Amino acid sequence: MSKKQKKVVEIRTSRHLKKAISVEQIMRNVVYALLPVCAWSVYQFGISALALILVTTLTCILTESLFCRLSGRPNSVGDYSVVITALLLALTLPPGFPLWMAVVAGFIAIGLGKSLFGGLGFNVMNPALVGRAFVQAAFPVAITTWTPGFVTGRFVEFIPSTLAIPFMSPANTDVWVRQHALDGFTGATPLALQKFEHVTVSTVDLLTGTVAGSVGETSALLIFVCGLYLAFRKMMDWRIPAAIFFGVAVISWPLYLMNSAIYPSPLFMLFSGGLMLGAMFMATDMVVSPMTTRGVLLYGLVIGVLTVLIRLFGGLTEGVMYAILVANALSPLIASVTQPRIYGEQKQEAES
Amino acid sequence: MSALPNQQETVTLDTFMRGLWEENPVFVMLLGLCPVLAVTNSTMNAIAMGLATLFVLVASSTLVSLLRKMIPKQVRIATYIIIIATFVTIVDYVIQAISLDLYNALGAFIQLIVVNCVILGRAEAYASKQKVGAAIVNAVGMGVGFTIALLCLGTVRELLGAGTILGFQIFSNNFEPWVVMILPPGGFFVLGAWLLLFEYLKQRKEQKLLAAEGATANGS
Amino acid sequence: MSSAEKVQAHLQPQTPSFAMLRTLGGVAMLSGLLVVLAFQFTKPIIEENKRIAIEKAVSHVIPGVVSKKDFLLSAEGLFPADGDKTAKGEKIYAAYGANGELKGIALEAAATGYQDVIRILYGYNQDCQCVTGIKILKMAETPGLGDKIAFDPDFLKNFEALDARLNGQKSGLENAIVTVKHGSKREQWQIDSISGATISSKAIGRMINESGQRMFPLIIKHLDALRIGQKG
């Protein structure tokens, strides 16, 4: 929003509130909440993660500016929402993701996911996830190549695949991983280990984030705490993550009881992969989620249930991204079927 | 889209050019998108599909125009479909004779030219009302416009999806293919991008025209 | 058709049925004529194309082929493909070198891959009792991942001399042909899968194993007939 635009007469329904929370304020707080997660990921994966975060941020800001300029709208970079998209996008990519692919992801996230729909407030799906879904489909190998964290020398040396020349294949990280990895690093995420080899990683590791995975999804505990901050400041609807967790538990618990050798425990389901990040920061995107109480609960349940179904019975190891995208697409429908009755209005008789 | 004239049209350059730009079947009318999205994963497929459609379009338009006075209104659609299906079957055999690889790559989409609405649309809206000459010229224009559109998609998708154009390598061996471009979603993405570009250019042209008009109006 | 008739048909508000029948019938006859003509004209070319395609595929999977002969092979016996029409069996292609010596047998196999059925032609050498090459005839695997089974050099190396020895009773393979995880190939009868395309790789292993268990013992049984096939 430019300064000129802000000087409109504000008409508010709630006169007793001193000051309305502006979009910008909310978005800035979400960025604050994401910063610790970013910091942890940089500490864990080193400068490769830092470069990834910077590159997506820069790409997203430039893309937003470009599209605003092309369409003749005021530049909306200042409302911080584009930074959120960039940070979330970076956090969902693997640490050694080639930077040029990150540029593609950032461009698609803002361009296709947001600007083409008309900018903030008009997008149908979470832009960061649109960007990630695109690179997932475009570069299926690069986006499933995981490298270990806490490598010595991670603050001075890039992961070899990070600096791939644009349009060229990234360097093979196998050798590098073998040289640097702690014992037993297989390059598989906890979810992949569980799915293909039925090895369950301990919950403590999942909570602290000492496992393979995307840049910012490894430490479930940290993400949870950061999300709580937002919930306490009432800048995030806590019912959405709660409904997602409930949905996940409700479907994975019976499966676990039926056959605990194949199906993982609900706790594992909750803390592994991108579920925590998705539930706390992506599904709660205000633009794309419903607003009624029943709608929010339904929305969360859909995400939770779909995530578990994709993880356990689908071809992919991780399903949070697609689950959220599907729920985003469903959210107008959910909103329309869960409209609350207007006070005093008669229940409509079935006509016609 | 301009209303199609019901009276006989004299053949002009516009009869031909209309299909290329102003009424381009893909980029403007958004017709026949099924083959556009499905078989444009390589330049070769796009060219073959475009030429096959061009042939069917021209041949069926010619025949429909020739027979236009003999076809009773009630059975016209059935007649058009028989005519179109005939030429599609011929194309089907010819492509098999030219290259089996190409035939396998195009798959069922050759047969599906029958239901390509560009062709039926031309027969119904133009060829059945115009003299043979005009019908042929218009059909060639539309067919070439369709082929160009397929080519636009095919080149981009092959370039990004395989790093080649017509099988020739453009990037070095190390090129990382964008798998999604070869898959069906890539067709939607690229088509969307082309539409965006054309629409943007068109709007800019209109704005410039308006601005120029405004300037002259103010000046006078 | 006279022009008077045309004008009449055109002017009448109610088109008589015979006009519709006439037009539809006429167009259908014309259509039939055109299709038959096109069919007649292209038929020999298409068959030639198909023959060349198969020959190319056979020479791809069996090096050094000069000529080939088609047979039908089943538990009931071996029959020349162009002979007895009542004979039933799986089509196999016996490939011969310049001096008429048997170079190998090409067989077809199929199994369900990631998207659809994958059909391949593969070569079998009776002397080393091994698979000498594969060629994908038809597939719909994901481009960039699954379709690597057609051209990935490391994967195709698996089939240059894939061990397919028969067991003591000559009733099946000594070691079942299996696809193993990428990078864990230890034995000559194992196929190293492509990383990221495990399902497609496994389908190839499965189809060769299934076809080999059934066909290789029969081939060995009829080896003499196959050897003299070209001369006889």
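Per-chain numbering from 1; labels A, B and C assigned in written order.
One rule holds in what follows: a contact is a pair of C-beta atoms (placed from the backbone, for glycine too) under 8 Å apart; a residue touches a chain by one contact, two chains touch by 3 or more.
As the structure is a prediction and not an experimental result, all values here were calculated from the model.
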**Prompt:** Which one of the chains is farthest from chain C, going by Cα centres?
**Reply:** A
**Request:** Determine which of the two chain pairs, A-B or B-C, is joined by the larger number of C-beta pairs in contact.
**Result:** B-C
**Request:** Could you put a whole-Å number on the gap between the CA centroids of chain A and chain C?
**Result:** 47
**Asked** Rounded to the nearest whole Å, what is the centre-to-centre distance of chain A and chain B, using the mean of the C-alpha atoms as each centre?
**Response** 40
**Complete:** Whole-Å distance, C-alpha centre of chain B to that of chain C, is 35
**Request:** Could you list which residues of chain B touch at least two other chains?
**Result:** 179, 183
**Asked** So which stretches of chain C touch two or more other chains?
**Response** 144-145
**Request:** Note the residues in chain A that touch 2 or more other chains, in rising order.
**Result:** 140
**Asked** Which of the residues in chain A end up touching chain B in this complex?
**Response** 70, 98, 101, 112, 116, 134, 137-140, 142, 164-165, 167-170
**Complex contact set, residues of chain A against chain C** = 140-141, 144
**Request:** Going by the contact rule at the top, pick out the chain B residues touching chain C in the complex.
**Result:** 41, 67, 69-75, 78-79, 82-83, 85-87, 89-90, 93-94, 96-97, 99-100, 104, 161-162, 177, 179, 182-183
**Asked** For the complex, which residues does chain B have touching chain A?
**Response** 163, 171-172, 174-176, 178-181, 183, 185, 189, 196, 200
**Item:** Complex contacts: residues of chain C adjacent to chain A
**Value:** 144-145, 196
